[in-house]
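What follows is a pair of complexes built around subunit A, which joins subunit B in one and subunit C in the other.
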Partner chain A sequence: MILSYVAYRVLLYIPTLLVIFFIVFSLVKLLPGDPIVVMYGELAPPPEVRKALEEKLGLDKPFIIQFLLYTYRILTGDWGKSVHTGEPILELVIRRFTATLELTVASLAIASATGITLAYIAVMRPNSIVDRFIGILSMAGYSMPVFWWGMILIFIFAVNLKLLPPGGRGGLESLILPSLTLATVNFGMIARVSRAAMLEVYSQDFVMAARSRGLSERRVVVLYVMRNAAVAIATLVGLRFGILMGGAVITETVFNYPGVGRMIVDGILARDYPVVFGGVVFVALVVMTVNLVVDLLYAILDPRARVTRV
Partner chain B sequence: MARRELVIVGAVLLLVILLAAYIATRPGAPTETPVTPTPTQTPVGVTPTPTPVETPGATPAVRYAEIDVLRISQRADLSSIDVQVATDAPTLSVFSHVYETLFKIRFDAQGRASFEPWLVESYKQVNDTVWEFKLRPGIKFHDGTPLTSRDVKASFERGPKVGGLPRTLLGPVKEVQVVDDLTFRIVLRYPFVPLIAHLSHPSTAIIPAKVVELFPDKPIDSTRYIIGTGPYRFVEYVKGERTVLEAFDGYWGKKPTVKRIVWTPVPDDSTRVSYLEAGTVDVITHVPPHMVPTLKAKGFQVIQIPSTRVIYIGINVERIPDVRVRQALNLAIDKNAIVQRILEGAGSVATAPISPAVFGYTKLDPYPYDPARARALIREAGWEGRELVFITPQGRYLRDREIASAVQASLEAIGLKVRVEVMEWAAYISRVTTQKDFDLFLLGWSTVTLDADYGLYSLFRTGAPFNRMLYSNPDVDAFLDRAREVADPTLRQQYYVLAQQQIWRDAPWIFLHYEDIIVAMKPGIAGVEIQPIERWILTYAVREVRG
Partner chain C sequence: MSPLTAIATIVVLGVIAAGILATVVEFMVPDIHNRPNLWRSLEPPSLEHPMGTDSLGRDILIRIIFGTKPVLLVIVISVIVAATLGTIIGLTSGYFGGRLDLILSRVIDALMSFPAILIALAIVAALGPGLWKVAIAIGIAEASVFARLSRGLMIVEKEQLYVQAGKAIGASSTRIIFRHILPNIAGPIIVQATFTAASAILWEAALSFLGLGAQPPTPSWGLMLYEAKEYMRVAPHATVFPGLAIFVTVLSFNIVGEALRDTLDPRFRKVMR
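Moving on, here comes the complex of A and B:
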């Protein structure tokens, strides 16, 4: 049952990918300018060079043929090389993707741990001053401009205290500041959603039933409330995970972190088509897989979902 | 209840503000003090030349030692891995360590450039269009193969096929004739005196003939083909992360004092500055002008010199044929204000279409800021209320977008309407090169050969490739043509003076300013050569050792 469901979802990847790729392909091609123009900077490319390069890059063919050729190459695993620097795209994408994965996992781990803990504390004393303070803190967290917060962290920990590197990707220490920055934005969201979800469950009959059986408040929250609020929390974390896997461009820029987001943006700016297409297809694959995993998680978290799906 | 919430919110806000204030006023924090234009502007080509490594200098307390690893952050990553394709300063700075040219630029104390034979040992001009060169014997490429005349021939034949810069620089070259292993002749299409200057530009660097065989008409596709004769081998390139160069043991020239150079691209200005402050790198380029006082206060070395890059607003002469209008556009702009307020002193008002460091430059009087006269001229020409389309890139040149806004306001003040279209670079440059549906466009041009021909001929000669103003003046054409042919430098200079005076009067540009180069480095590092052509040479950098 579950296997056939997974197989079905994986099969859905193909049309979804095709649609995504078609949209991205059209959008990028609609942009004025091409890699040859970028290559030549202030200078005009010589006509015969333009012709030779257009042929080599396949830019001389009609739009739909280019699209089909590209699709074929991507499906057959020939992702090509960067137009400007000759790096094999697959290698580049995987390296950048790994960096993004590290950042995403680290920041979401911090964000979920803090967010859920805060929500728990808040739910234990609803509408108390602690609850309100947590509310303000959460709001402050996700309304903080990322670049500003990132610069402050760099200024304190890298420039003044010289404890951590200001950017780049090295060992674990280079992951701390960017993941803290991203976590700040996400923990607030997680805390608020978790709190709301828990409070909703809180008012239901089975909670009262549990309480009337004499369970301690803490046990009620952990065993019944949290368990039932988990679906909402998993949805949010899954969603954030998917979004972050697409790259956190601003954080990556502030920390000069070589993630997948900046790779795609730089690729677009340089009209480095293979980089953009490879990056987008890869990210789409990952996001779809994350969605699939989240959906499977529902089945574990919520027995009702097992019956309703497919 | 509501009051209690308010109190809490207020308290938190207060806390945040206090914290921010505390952080902002910490010693060394970027303060808001107005930037006085820094008097560190040395004429050109600053090289804090240290005493040689071995010999103790005049001051016995300071010694200099070699550097194992020097880390530098530029604004941009390599734009291409092919030296003949690359056109941008950051990439060519890296390649200047790996590749070498037939001639080398030297700057004297006044910042004037001269060209000394480098890969060639001697040369002579056989007649008007034929030059003979002899290569220095014993030079090896990084892969061990010796440098011969055939490499020169192959490089010069490939360059124009793959790259815009070699195409321009080697345009006058008809063919290269190999005489023997070390001797070759360059046959020109027409007499062309600035040849030597062109042969000193990294885009005319010599690459191995066997790389040319593999990639005769397209860019190389792997860094393993980055093979030159320069002091550094290309070791590693990770896109967006680093480029690593290592001193080449078989180098024929003076041994480099830096063993390894690591280039880390950091596009964000503030992050790049924090890289230097945190000690992650030793040298940073493209320092934002507002950070100069802070960095100096913290004890970093800051070097600010004028570059050869002139920033201008090209005027589409076909759409604005009336010279009075074009002069009015020049009179309407307060260039000093742009330099002082927008660039925060990181530039100087242009006094010619080319920079003072370039051979052929002559100092002209900038158009004064005279909005009243500009308005009168516009009225006289019947251009009042006309709308101009002004396109500008964003993030390509220092504060380009802000400059465009200032220009827009100034032009509207003299009775024109201006529609500014800010575009991202690739879209912008493709529009500038392929369309003509605009009146004004902002661009920069750096005369990287340091000879006026490159900065004037390709931009102002009728039908020249970068004459995007569609400007045409037969007198200017004649001066520029003659200046290519006459060997006598005094005579050439005169032709260039005449050409520039005429261009100045015809005003196919709004002449703006020369950009400054600002580089900052750790205290104690010396010997970094910063050239006005936006090139930084680290080969002979050393570090100070106390005691």
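Moving on, here comes the complex of A and C:
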């Protein structure tokens, strides 16, 4: 049962992967101008070089063959080279992604700790004034323009108080401001999904049974409600990884943080298209894989979820 | 209606009204928000300029008011693109099921794997910067949300008796989907449109802040922040006010969306109360 579910989910992963490649490939084809110039930055390559490149990209072949060639190159690790530095894209992307991963993990930790604590406080007194306030605070969090918030934090803590570096990467202190910024726009969603997940457990009979045995409200919430909601919360948080990555793109730009988001934005401004689309494909692959793993873990931890949710 | 919801509703309606008015006034006086006066650049707030002036000496309050025009444009275009595209895919996928559903669901899955900003960035990279292109890009990026939502609603709805009845009297699929089912599931879709409007404002501001959205001298709030960024030390007011405008508008749209959801979406009425 569980194995067939895992196999089913993994099999679905493959067509989704192809669709991702197809979307990105179509966008690459939309780029105006000579594809050789666009992808290799060589204004007038010698005829024999040009011939070799055309053959490699399959430019004389039909669209669908070109797409298959593109898929083949991605899967075999031939992601092309940066037009400006000549560095192989795959290596560049992986190096930049390590920095992004540090940032996202740090901010996810801050956001989860804050969000789940707030949800706990809210659930203790549902619909009270405290609960309402936490609801609005959460909404304010994800309504915040992340770049503006970053600029304000830089202004206060780096420019005025001179406590922390205004940007760049190096050591733990350079991670504090960007991860706080990114956590600000994410804790709200975590607080809301956790609150909803906890309230759902709250209405179940075993919670009432625990309370009727005279357990204190705090014990009921911590031992029964939070424990039973934990898997659901972890799943919901895991599935938000993509949104977190989106915020990271902007945060990195504000803080001059050398992650994959900053790389993509710089790539667009410098018209380094192989870098841009390499970065986009990589992030999509990572997000998709994380979603798959989260789904599978959920299915393993909570048998109720194993019903084929197509 | 709580006082907060009332305030948020006023802000939302105000932004929309200001956007329409700004479009009309700008048509008559094209340079009204773009009158540089370098002698008076980066002045702090005063009676004459309640929010101060920017690096070119333009009044920030006037630019924020006229900034509602790009906001309105982005909301309208991106919500129309996202809702139309997404709902058609979702409804078709959910109604017909089977192999078509399997394929369309993969497309939705794939689109949802991209963080919205990343698709928008990729589209802008391919098409070039500009407010219209950004609006369309955001619409495409947000379409998957509508697709997943309407597909889920459709799967529940198509089992209803009235759908069977429609089929029995020989109504066409198009007629059943758009004349009978769509009105019944419009509530959640409208609610989602409000939330999408909120995120569209955020993404437009972000893209303009990166220099990839609205181009000067458009008074886009994100672009104003991009221009004020270098002067933050000497003129923090030029950064504070446009950012506040974005924050308050987005928050208001989210609050209104929430209130709409409590009334329009039956699924939430049950869970929340």
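The rule is short, and it goes like this: the second predicted complex is superposed on the first by the 236 of 310 C-alpha atoms of A that agree within 3 Å, B and C clash if a C-alpha of one lies under 4 Å from a C-alpha of the other, contacts with A are read in each partner's own complex, and residues count from 1 in each chain.
Everything that follows uses one rule, which is that a contact is a pair of C-beta atoms (placed from the backbone, for glycine too) under 8 Å apart; a residue touches a chain by one contact, two chains touch by 3 or more.
Predicted, not measured: the structure shown is a model, and the values here were computed from it.
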item: First, second, both or neither for A:P15, with subunit B first and subunit C second; value: second
item: Partner chain in contact with A:L269 - subunit B first, subunit C second, else both or neither; value: both
item: First (subunit B), second (subunit C), both or neither touched by A:L53; value: first
item: Subunit B versus subunit C as contact partner of A:P165, first or second or both or neither; value: first
item: First, second, both or neither for A:L215, with subunit B first and subunit C second; value: neither
item: Partner chain(s) touched by A:N291 [first = subunit B, second = subunit C, both, neither]; value: second
item: Partner chain in contact with A:I136 - subunit B first, subunit C second, else both or neither; value: both
item: Touched partner set for A:L31, first subunit B, second subunit C, both or neither; value: both
item: First (subunit B), second (subunit C), both or neither touched by A:M151; value: both
item: Intersection of subunit A interface sets (partners subunit B, subunit C); value: 31, 136, 140, 151-152, 154-155, 159, 253, 269
item: Interfacial residue positions of subunit A with respect to subunit B in the complex; value: 31-34, 37-46, 48-49, 52-53, 56, 81-82, 84-87, 92, 95-96, 129, 132-133, 136, 140, 151-152, 154-156, 158-160, 162, 165-169, 253-256, 258, 262-263, 266, 269-271
item: Contact set on subunit A toward subunit C in their complex; value: 12, 15-17, 19-20, 23-24, 27-28, 30-31, 136, 139-140, 142-149, 151-152, 154-155, 159, 196, 200, 242-243, 245-246, 249-250, 253, 264-265, 267-269, 273, 276-277, 280, 283-284, 287-288, 291, 310
item: In the complex with subunit A, residue positions of subunit C that touch it; value: 4, 101-103, 105-107, 109-119, 121-127, 198, 202, 205-206, 209-212, 222, 225, 229, 232-233, 236, 239-240, 242-243, 246-247, 250-251, 254-255, 258, 271
item: Residues of subunit B defined as touching subunit A within the complex; value: 4-5, 8-9, 12, 16, 23, 26, 28-29, 77-81, 85, 87-88, 160-165, 167-168, 217-223, 237-241, 264, 266-268, 270-271, 274-275, 277-280, 424-431, 433, 443-445, 465-466
